[in-house]
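Labels for the chains are A, B, C and D, by order of writing; each one numbers its residues from 1.
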Amino acid sequence: MAKNTSLAHKETARVEAFTDGVFAIAMTLLILEFKVPRASSEVSNGKWWLVRALAALWPSFIAYVLSFGTILIMWVNHHGLFKHAHRVDNRLLFANGFLLLVVTFVPFPTAVLAEYLDKPSASAAAIFYCATLALINAGYNLLLRAVDQNRAPDAVASPPHQAAMRRVRRAYHAGLVIYLVAAIASYFSAFAGLAICLSLWVLWAMLDYSPRHSAH
Amino acid sequence: MAKNTSLAHKETARVEAFTDGVFAIAMTLLILEFKVPRASSEVSNGKWWLVRALAALWPSFIAYVLSFGTILIMWVNHHGLFKHAHRVDNRLLFANGFLLLVVTFVPFPTAVLAEYLDKPSASAAAIFYCATLALINAGYNLLLRAVDQNRAPDAVASPPHQAAMRRVRRAYHAGLVIYLVAAIASYFSAFAGLAICLSLWVLWAMLDYSPRHSAH
Amino acid sequence: MAKNTSLAHKETARVEAFTDGVFAIAMTLLILEFKVPRASSEVSNGKWWLVRALAALWPSFIAYVLSFGTILIMWVNHHGLFKHAHRVDNRLLFANGFLLLVVTFVPFPTAVLAEYLDKPSASAAAIFYCATLALINAGYNLLLRAVDQNRAPDAVASPPHQAAMRRVRRAYHAGLVIYLVAAIASYFSAFAGLAICLSLWVLWAMLDYSPRHSAH
Amino acid sequence: MAKNTSLAHKETARVEAFTDGVFAIAMTLLILEFKVPRASSEVSNGKWWLVRALAALWPSFIAYVLSFGTILIMWVNHHGLFKHAHRVDNRLLFANGFLLLVVTFVPFPTAVLAEYLDKPSASAAAIFYCATLALINAGYNLLLRAVDQNRAPDAVASPPHQAAMRRVRRAYHAGLVIYLVAAIASYFSAFAGLAICLSLWVLWAMLDYSPRHSAH
């Protein structure tokens, strides 16, 4: 039994605080994708060329806002899901660790998107971006299963808890499918794919983790 | 009602800790705008060229101190404002999220300012910088409204609380106007615009969030 | 006695929170090793060159996942070990400080590995990487000794505690030897060395710090 | 009175947690000064040129260890000093803010030192580095005064507290003088200046903030 108990019984609070830290840093590192425009030879373009140069960074702004909002809203959802966790066992730790791995990865596809959204490779960049979000969603599905299995016995038996879990599970499955659809849509239009990712904010914002409501 | 309660009832403490983390990281990332001077061909200028090269970084020093101080003082104000928050609902979470988005953005206009403050594009860089601070201020105004609406009923009814809220609201409106004035002043002189931003530290440092004083 | 007590009696909780922060930031900074592929003259290669360019980053993916997982699993182990610490004295602080120094260092050998894993210098990069992990392991051995010495008297006398400490000590010694073997193996094959580092995840994940089991 | 109380009565715990975060991030960002060696034309130098290239980074290693250790030991001292703080008023907040400003700045002189320690500009780089540490020490002196003034009345009257404060004040004054001496010594030898900075670790590690000892 050593394997099952070795890392177990850590308090969920410390895992949550650590997760919060990783989410906060991943969000803040997004700003590093912005590169200060360099003057090079355009200096002759006059005093206000910088305004045009900053405006030309619109792909960076789109990528930044989309990733920042997505990670923020995922952080809120992480908190909602973790309230159902009864104790921290190895399985929960590793599911959470996989989730952190992909969340921390987000600044890279974001930087790729910022670089290529206004170039011929926009579709490839958007597919890479949507696929990363689909992977994060897969991480949430793994975490949900881990949480599902270690809930307190009375929570498992309670109909409101079961209803909340069913609701969350349905939303997570739907999210995974929609993110994959977004990746496919990006093949035809990068903006269509990103619009689908953006629209999923509504799903995650409305998702109700509370066992207080047996239906909605 | 699912929408209003789904993310609600998070404890304010966790949101504050997360916000603290983002503010701390945004402040610390400011240092990355400093670039180590490269010797190139000036090596022939003798052993002490590095001193001159470091002194030539004065725009970086100004931008660093201004942004660091501004974020720090905003962090203190965030804490003052959040003490009035009764509970965390969706509206508060999204207002706070917008604020985090713009605070995290600060290292970029800071780096632009550091690069161009001693160049012909200084005005454009300063306008961009002041506009970012105005946007942060708009974020505080949104957050204030969200806090205002979810205060505990007894706090809403209490005259000292009402007086504190009125005081804060007046200061936030004034701050927004002054930051926009700073952006306009930057058109004529980058340093004038930045001086106005700096002078606002006094306003934010003196702002009294405490309901203990019914007037000042 | 001033020397022994000067920094002592800090609560272990604050040291753990600080350590958590450093581990979280070190993990998150790993993403900075990923460099956005630049188009240069390959633009003529068509719309999907970016897919091939991202696939060519496979050494970065390997280095990222290996380092992220290693730091994460070491964080879990740090928590297990610190539960045995009775109080924070100077020796524990400095052993922990050395550990933080080498954990924070990890992003650099990771970036070196990402750059050279698919080049003739792969062996040198892998030796450097394995040697860093060996140094982290040495840090854990130092920390174990510091913890061992400041345990509460009743914990020292208890057979389950002694058994747990013996188990951990054996694992740490074995880990150090295996990491050094990995460094040597990297001389012949970088991938063999890294595979050994990866296989050690199993050892750290199975290690049982709990005094509840007198044997396993 | 508005000015004195506006930001006051924040709990010291939140300021300490925020300070911990900034110290942790500043320490961790130090690793970014390490640049992955680039092969350029030396590829012809054979499979092991990378080992020599890494060894040539010795100035980076020295700068990293020196700065990491210094910030870590200053963090421990910050904790010792803050235990004397009775409440958080504006003066304490701004003294602490100034300290954070200079601690966050450390990665830049560290990177300058790493770049120029093995070049003719070594002295200039070391003077800049020592001057930064002197500035941090000045920040500690400011913080000490702020703490001194807001101690609880009974702590002020207690001889052990007074003795602890005298001890700390003497050490802080001595530290400031020694850092300035290190800056001057760097003019003649960069290594001599850095050695003096290193030797001060002993002073900070031995400094006893505890009021339990009336003398030492």
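Assume contacts are C-beta pairs under 8 Å (C-beta built on N, C-alpha and C of every residue); 3 or more make two chains touch, one makes a residue touch a chain.
Remember, predicted model here, so these are calculated numbers, not experimental data.
Trainee: Mind listing the chains that sit against chain A and also against chain D?
Mentor: Correct list: B, C.
Trainee: If I list every residue number at the interface of chain A and chain C, are over half of them used by both copies, so same, or under half, so different?
Mentor: Different: when the shared numbers are divided by all numbers used, the fraction is under half.
Trainee: Given that chain A is a copy of chain B, what angle of rotation, in degrees and a multiple of 5, matches their CA positions?
Mentor: 90
Trainee: Any idea how many Å lie between the Cα centroids of chain B and chain D?
Mentor: 26
Trainee: At what distance in angstrom does the C-alpha mean of chain C lie from that of chain B?
Mentor: 36
Trainee: Taking each residue of chain B in turn, which ones touch at least two of the other chains?
Mentor: 17, 21, 25, 29, 32
Trainee: What is the complete set of touching chain pairs?
Mentor: Every touching chain pair, ordered by label, is A-B, A-C, B-D, C-D.
Trainee: Quick one: which bits of chain B touch chain D in the complex? Just the residue numbers, please.
Mentor: Contacts found on chain B: 16-17, 20-21, 23-25, 27-32, 34, 36-37, 39, 43, 47-51, 54, 64-65, 68-69, 72-73, 75-76, 79-80, 205-210, 212-213, 216.
Trainee: Which residues of chain A touch chain C in the complex?
Mentor: It comes out as residues 2-3, 5-7, 9-10, 14, 17-18, 21-22, 25-26, 29, 32, 90, 93-94, 97, 100-101, 104-105, 107-108, 111-112, 115-116, 119-121, 123-125, 128.
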